[in-house]
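In the two complexes below, subunit A is the common chain; its partner is subunit B in one and subunit C in the other.
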Partner chain A sequence: MPELARAAWSRRLLLALLLAPALLWLSLLIVLPHLDLALLSFRERIAPRQFVPSLAQYRTFFTEPLYWHVFLRTALMSAGATALTLLVAFPIAWTIAKLARGRMSALLFVVCLIPFWVSETVRTLGWMILLRESGVLPQLLVHLGITAQPVELLYHDATILVGLVYTSLLFMVVPLVGSLESLDNALIEAAYDLGAKGGAILREIVIPHAAPGITAGCIVVFMLTLGNYLTPTLLGGKNSLWFTEQIYNQFITRFNWEQGAAFGFLLLALSTAMVWFGLKASGQRFSDVMRRT
Partner chain B sequence: MSATASASSAPADLEARAVSKRFGAHLAVDNLSFAVARGSFFSILGPSGCGKTTLLRMIAGFIQPDGGSIAIGGRDMAGVGPNRRPVNMVFQQLALFPMMSVSENVAFGLARRGMARAERVRKAEAMLERVGLAGAGGKRTDELSGGQRQRVAIARSMVLEPTLLLLDEPLGALDLKLREHMKLELKQLQASFGTTFVYITHDQSEALVLSDHVGVMNHGHFEQLGTPQQLYYAPATPFVAGFVGNNNRVAGKALALEGALVQVGTAAGWSVRARAHGTIAVGSTVEAFIRPESAMLGRSAADFPPGQLAYTGEVLSLLFDGANSVVLLRELQSGQELRIALPQTGAYADLKVGDRIHFGFDPERAICFPAAAAHA
Partner chain C sequence: MIPTLPRPAWLRLGTALYVGAFLVFLFLPLVTVAVFAFNNAPYPAPPWHGFTLDWFLGNEASGRVGLFHDSDLLASVWTSTVVACWVTALAVGIGTANAFLMERARFPGKGALSLLMLTPLVIPGVILGISILAFASRIADFLSESFGLEADFLRPGLPLVVLGQFSFIAAIATLTISARLKRFDRTLEEAALNLGASRAAVLWTITLPYLRPALIGSAAIAFLMSFENFNTTLMLVGSDAPLTIMMYGRMREGATPVLNAVSLFLMLASAAIALTLVRRGRSARSD
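Then we have the complex of A and B:
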């Protein structure tokens, strides 16, 4: 008996040791700061170094149109970027999972991965070199006679979207490839044999099968896009009006940590609500979806 | 080899003319021609890699033949996609749609034809009832047993009233007991629907039990095309003799000709008489095939009719399998090993390993091929 007990105890110790880094990381870097931020967001400064509990930070968000306009705009553009990423990623994932074989499939995966060898800042600056008024693309357009003068391609909403889709592509391709690879080709052939055309096969067979992968990809991409700071700020400039920029401004420029913390929690609430809504709308279970990511 | 699957006057539902398919250097289907009569059950029997799956996929329209033509219901199918052919297929792993209910699976093809929902539900229910699955329409496909899934796969195809139903080894995934049961059920379903079935399998028992006609395929061509009885009792080639049913293969030389019979002698000195197939010259190498059930056992040499050669053998092992029990013997003089069926009377139930016993054959039921003719 004592030996059995010792074995069980050492097994538990081993499990605790294995989980310790993750638990430390979670509690020290995620839970504790968020608890502090939550406390910050529910107080108001009435005099230097004097704070009272209050909902003033949240009230400001709803009474100041700029804030909730930017909030809504960020949410809608993130949703748009997610949808666009799905449209672009699906054919890529289909090619990798179903059309390419062996080495070719691995090679295509690497091609999707290559942009991530470069840091996000450098990648985004690369986009700026391409798109700014004196950049490569506007010059090329002039050279080809499509535009008379170089046009400024930076600082448009479309530019932000392109940048976001580019950054997010891999995170959509990976879960899609996983879910498409597990689709038995015989199902597609059977549907074809029973009289279905391409559109019906996609709608009735492929998408229902890939739904967990699609949902997983959308959730990850939406969260990444919503919380992205660099791409909207650099490609959108002063007009980007991205909500993370507002949070940054409150913390760094205005030194209004209380307001910044409240914004942070509003963004967290939005992201949680959208994920919940996405799961409900697609009829997926969170656990199934998370296994695909 | 060119042949017609049926001598009856029924029109052909499937007609292949000089169909070929090559994958790189490998000739998968080699200039194949055959016809399948309306309402018949036709099997293509062959070992894996013989080209039968390629042939089936060409009939279904998933791959295009390199040469020749395929006509279904009298209409040439060149350039017609699988979704527009009057052909449906039961896939090897059945390929039921797991994202749909049983009823939706059956109604899938009807929906693709633009049939209204109420009508398609009614037709799907009627079809499910016909295959003995009334009331199972609302179930998920993974709630069904192997046999039930099989029937859903057939119902899903048959509801579209195809000219031809293709079946790609659908019984392969089932366990033995269920396979025996489904064999019977398939035959009954085919008889009740009256649809032409084209069935591919590597299991000779399935082909023999189910089919009106069987094409035995090897290396991309038909070795023989005929009724199961013809294949069994009158194999046209050594391959068919070895592949269809159990057989003892005896390789040797033709020692002498006695009318239609050949005396075959093995290198070890055993000799046996068999019916000659084709012309055999004395001294040429030959292959003889003797069915285990065509042999007779005897306690003494006097048990055999006069004129028949009787041999003495030692029992190497007894393979008891009810009605299919066999004894493995070694002929004493030459060491030739033979499988011989035990009579079902139980007369030799007391046989033990190491016992000596007499055995003999009716030479008319053994068959001898010239060895060089194989794959010529």
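Then we have the complex of A and C:
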């Protein structure tokens, strides 16, 4: 039957036409570049334009204390920033999901989102004007008589943390609100009637219910913080010692692509490991988490 | 805890104070940027020296180069706009194709492909940037050594910036458009086909109009994300700097309030886009 054969053929053509862009995109911009980066990281230059396979790049990472110190520091500070973001965002998410009603809740939610539509560059500029020695807050402290001289509030680890928490809030508030809204108030009332105190209700009912949202938020915030470049370098200055900056230095400043590629892979490995661990710990699927945020 | 349970006064007060402090924390940096765009001083720092529009209107002659006469800054705004238009067109186009592929077609390896489509979202932007940079350079080197072809568009520059941003923004567009296509009632298409419409007519008059809110929404998000992207762009940029890269360079040197002036425009533009999207989203839901 030529009619049927033609229909099958045109269906196949349509499938090919739809598959082509997806395959081109994923193979040329994601899969092949990362394979190439892997190859790059596993070779060593022995003479101009002469390369041999080797583990030298990774060996350098472990033998040079600066590199793995910065790596560890970046990981720990990202974890700290993630925990802080959760602490700051939770009461707000609770207020939006449970305390504010109707229009007030929707309004508060939108108001919380607006700053994150603005470029990170602009938000960081704001913090720099606020915090630098000649900036708004140090001047205010002098004016109020708290410090005699203006103090430099930029270029501290705490400053980097404030900046990171600030840029991450949105990615925590959104999944938290989603998971708290689905919690039935009757459960909380029942627990209260049975004599549970606030702390017990939080521990036994709220946190278990909100766990998927908490995990989703933490995964995304950790990942974005780890890969952030702008906030640590501008708010931390020379003291930022952030790992993405090391990658930039190797790749762009020193033109040592082999070393930069190895650093890139180590960062990718840490980021992927944390995502995987977060999913395992909470028993969620990757695609669900991405859809939630 | 919740409004139906008794809450002590200190808890109510504490909540109100916390929300207030949180909002101050959120908006303080933005308000500061906006206010110092109008300060009559060569640096964006206190004290307040009075109101001026110099940082918008000033030119070489007045000694203060304002936004509208800062040709480098204006050029970088234009560069960002061009890049963002390309990224938006590519991402929405391919996102739509992907949505039909994932929601309508059946083929072996579909599960793996849908997972692969999400990976660009979990790869740090810096790494997307360096991997595309390295791969493009390898191809360019190969072309020039084997065939003597100089593929300049594979060297750091705007074409690579477009590709780098597109590589992850396409994933976001795919998610947004797929989500809407999934909720589409296919009996509408079947009814039109039964009534004798061609497949192209069905697509054009029924399916695409239904997808319109998702197409507009993902276009707006793609444009904003491209315009504001820093990490991936930093690795792929050549001699023409987009706005974020230009601002970063000047912020490291300690810039004049002209940066506040351009930031003010960015804030107004993003707020306009955000509010339109929120409003559209609400009316689409109430339909």
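The criterion applied here is as follows: the second predicted complex is superposed on the first by the 251 of 293 C-alpha atoms of A that agree within 3 Å, B and C clash if a C-alpha of one lies under 4 Å from a C-alpha of the other, contacts with A are read in each partner's own complex, and residues count from 1 in each chain.
FYI, contacts are C-beta pairs under 8 Å (C-beta built on N, C-alpha and C of every residue); 3 or more make two chains touch, one makes a residue touch a chain.
What you see is a predicted model; the values in this text were computed from it and never measured.
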Which of the two partners, first being subunit B and second being subunit C, lies in contact with A:192: first, second, both, or neither? both
Applying the touch criterion given at the start, work out whether A:136 contacts subunit B, subunit C, both or neither, answering first, second, both or neither. second
On subunit A, which partner touches more residues: subunit B or subunit C? C
Is A:64 in contact with subunit B, with subunit C, with both, or with neither (first, second, both, neither)? neither
Share the list of subunit A residues that count as touching for subunit B in one structure and for subunit C in the other. 189, 192
In the complex, the residues of subunit A that touch subunit C are 14-15, 18-19, 21-22, 25-26, 29-34, 36-37, 40, 88, 91-92, 95, 98-99, 101, 108, 110-115, 117-130, 132, 134-136, 139, 166, 169, 185, 188-189, 192, 198, 201, 223, 226-230, 234, 244, 247-248, 251-252, 257, 260-261, 264, 267-268, 271-272, 275, 286-287, 290-291
Per the touch rule above, subunit A residues touching subunit B in the complex are 184, 186-187, 189-197, 200, 204-205, 208-209
Taking the complex as given, what residues does subunit B use to touch subunit A? 60, 62, 81-84, 87-89, 91-93, 95, 97-100, 108-109, 112-113, 156-157, 160
For the subunit C and subunit A complex, residues of the former touching the latter: 1-5, 15, 18-19, 22-23, 25-33, 36, 43-47, 93-94, 97-98, 100-101, 105, 107, 113-128, 130-136, 138, 163-164, 166-167, 170, 175, 179, 224, 227-228, 230-231, 234-235, 243-244, 247-248, 251-252, 259-260, 263, 266-267, 270-271, 273-274, 278
